């Protein structure tokens, strides 16, 4: 695909002013027309510049943008020559609010960041605070955290692949299979944490509720049934000629561009870069489990799809091992106080391998009961910055598929 | 003097006149379609079933769509400028009127000599097939070559332009 | 050859089509209003106030200490303390909330109030059909609507309720033992010095 | 049975309309539509004479009409291809202005 | 008894018509036939919308509509009422006449193409000598109405959608014609009842349907692909694909006119699957010799519904092709292969009957299919991939 320097010069800076000036001209024209002909005059069509370039806003409520997210695409005939992602529609000022509330009180808000995987958000935040305050986590809690994180990864990847197929027009069948399995996992979460998607389960130093044996048996049965689901899913999709033709060679991302842009997660591993925090950071007790990291080599939409499917299989291996070896014991450090938690001044950056990439929490404490600075490193948003490079030269139908393969959740992008 | 004949021919002529006089080019293209459909029905009236359906398939199915595509690609559909007459439009009309008079006179003059009532020939597809493959097999091959050449020619003309101004 | 993957995909959907008539595993849809999925025991929707015995105000465990009001992340609890006191389950005189409102349109059912409450007074309910057409008043529940009996608490969260009751009974026994132990001392103390700190 | 004369008259009128249109209109596409009409008028004549001719089983008129339809379709295709090419080159389909043979 | 039951509709029509004075009888008979078609097929359309939603539902492990009426049977009625009562919004500067005319022309032409389909023994509305040609002539007219719809709603996106739809329909009409010409070469006549008669005999219990011959199978495959593309269904439903920005030619329609487009699409599906069944699967002939006592029209409608189920099945499984891939597929795979099928049919026709011609034709077709399939994929460097694992 084209790197930075080969972007055709017609889309350089001048065209931005040119576009802005024409937009303002059309807006004043619209106002004038309003005055002259009253409210029911014909609408002002989108400004179309002379050389046949069609500006299209794939608007905030477009059916396939996974939430409120706009892309200003300028299309020359069928090819995309410029794409400006516009997000911020779902900005809830999460970080400023967190500066005003106690450490524990912003834990339920982390559920709402990437609302598909609330447990990994909780874990990342808990990890950061534990690093900040130097709290130890008992063995059993570490095992529970790994189990829940891998279950979250399975249901997130299944949903992501389902949405990708939905964008390609598969009228919901793969999505329904993915959601059928996802519901089973969410039932497990509800039986443990009380809520399917907003778990608010992890606490600084462990977990809130202990895991019963009945729950562990149900989890083992679910994990035993998972490979059969993935085989069915792959049989339906992986060798499907239409899917191969629609996905291979589309939206390819070169490894150096991916690394420079800070892309992480399945998108980065699809380009062949071997970077998985579970192996790099050695956080939690991932070193005790044997699992492999799938890598693609073209970095296109098909590789991202396959990396996600293979990661589901790896997660199933981890879960089997973890569910076998989970020890008994306390799940919470008895000394930790719930209220009035005041870590000593300092800063900490806790990061984990969330299903979408490297999710990090950076906290600065000034000794008070609420953090001085609270920053979330959102993998979805950073993966989104390379969207234009992947879409240049493709046609509009592919832009939708490429966006689907990036797997973004607007809660995390806008925070 | 069957009524359907008058109805259909009136429709055809109206379609033809509209195709020639309307301002908006796209309306002309659609009026042309009506005229061609009328002519197809006239063929059916003359018991030439095969030609009638071929006319619908070829003209309405393809040529009319081609004309409409051409109108759109050359953006002449939207420009609602007044029906511009060629500079020499008056002479054109005169020539057309003269030709019609000459043809009309020749038809009326020889009216009595023309055979009017003959039995409807029952033409089956079998006969047409044999005729095409029998005495007319050479023209069939020539037309086949011509059609291929026309398709390739049209594509090259359009394609060539696209490649050059890129 | 071309079309092989498509045929395999078609076989999959056919299997699921047939499967949805046969296996419980595949057709997991439940006809909601008529059939209902059993609510998970640990599930939580909106908080409610627990009261012992039969009379909801007298038996209310809440002592209006306002810890949950301070700790609630979206600040959806509003408490007004009472002037006078009433005996709680151990017999000690405690305040009680004159007003205890929870705006369930603001509450995000994060259950932190249950964790921080020292008196086991507030627990999470599992009733989720709370739709009302009145946007403001309808979703602001006052203490009358929030108060639910301990038996109800046992019916929705049996294991958790029994643990809580065990803890409360043990505290009651400890409190009475202390009271019994303190009683003779109190009796002994008055005859000796007249004043004494009580 | 409508007499042959009526068909010939209709065909003549169609031919005249096509010719008039082709001569008076300035837009290239309309000229092409005019030519199309003239061709169809000729076809109508062919079929009319075949129908009322002495021995219709020889199918000559019909064969002529079939081949004429095929040729007309090819002509329309090439004609429109040319018009589109000229339009791309000179941005106009106005025949008066496309008079220079410049490349 | 079976014969009368087989011809029950014809007898019923004759019984009705004989009340009229003889002068009017042929016209009344034809009218009754038309009324029959105009009643039966929209009824089937209503049933199919329900079948589609329930089928798709079941394929996705969920119930289809089952709230409106027992098992959701009144759902089509509800949809119909909704479509009728919806406000008919016409765009501000749309061309009123053409806006109204487009759906009408489409529905009328598709209904006319039903006239030649033999729905049972002697049950075709009109036995035309050039029946197949008439069918395709009517098929060609629907493209024009698609264009009128797209253009008349004066919306830039619907024009683009219309141009895409028309380009797709035209480029898939050519292979459809060619694959049906293969059948005409063997059956020897363009008239559909003769084609069915040519297939309606049995060796042992197996019928002589063309789909069981090598060339017939190839032609049926290409016809199926072209038919799916012609009706803008499943893998080829790009023109109204919702995930595209260009939302298809009937965006600016609502209320009854949109329902007409919906009806026209389904009638197009019936017509094409009816034609496919007539050409390749023996029209109204029974699948086994011992089943011929069942009335013929039951077989025709059973096969058409089977074809509709395949349409729905494809829609439930396959993602959508992109516009340029769609067109390349048509001109670079389906058309050449149809020409090859014509060649093989010629061999089939002029080789002496016996096992040699079976072997020759099957080998040519199979080898060509595999080679062209692999070449098509090699060209675009597309194919199954293997993945490496780190550590």
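Letters A, B, C, D and E name the chains as they come in the text, with residue numbers starting at 1 for each one.
Quick note on the criterion: a residue touches a chain if its C-beta (ideal position, glycine included) is under 8 Å from a C-beta of that chain, and two chains touch if they have at least 3 such contacts.
None of the values given here were measured: they were computed from a predicted structure.
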Neighbour overlap between chain B and chain C returns E
Which one of the chains is closest to the middle, using the mean of its C-alpha atoms?
E
Tell me which of B-E and A-E has more C-beta pairs in contact.
A-E
Intercentroid distance (Cα basis), chain E paired with chain A, Å
43
Using mean CA coordinates as chain centres, what's the gap between chain B and chain D in Å?
5
Roughly how far is chain A from chain B, going centre to centre by Cα mean, in whole Å?
60
Residues of chain C that contact two or more other chains, please.
2-3, 6, 9, 12-13, 16, 26, 28
Each of the following residues of chain B touches two or more other chains, namely 50, 54, 62, 69
Mind pulling the residue numbers of chain D that touch at least two other chains?
none
Can you work out from the touch definition every pair of chains that touches here?
A-C, A-E, B-D, B-E, C-E
Chain B residues touching chain D - in the complex, by the definition given at the top
1-2, 5, 9, 12-13, 16-17, 19-21, 25, 28-29, 32, 35-36, 39, 42-43, 45-48, 50-51, 54-55, 58-59, 62-63, 66-67, 69-71, 73-74, 76, 83-89, 91-93, 95-97, 99-100, 103-104, 107-108, 111, 114-118, 121, 123, 127-128, 131-132, 136, 139, 143, 146-147, 149-151, 153-155, 157-158, 160-162, 165
List the residues on chain C that touch chain E in their complex, please.
1-3, 6, 9-10, 12-14, 16-17, 19-21, 26-29, 31
Which stretch or stretches of chain E touch chain C in the complex?
55, 58-63, 313-314, 316-318, 333, 369-370, 372-374, 376-377
Within their complex, state which residues of chain B touch chain E.
26, 30, 33, 49-50, 53-54, 56-57, 60-62, 64-65, 68-69, 72, 77, 124-126
Within their complex, chain A touches chain E through residues 40, 42-43, 45-46, 54, 56, 58, 62-64, 73, 78, 165-173, 176-177, 180, 236, 238-246, 248-249, 274, 276, 279, 292-298, 302-303, 306-307, 310, 395-398, 400
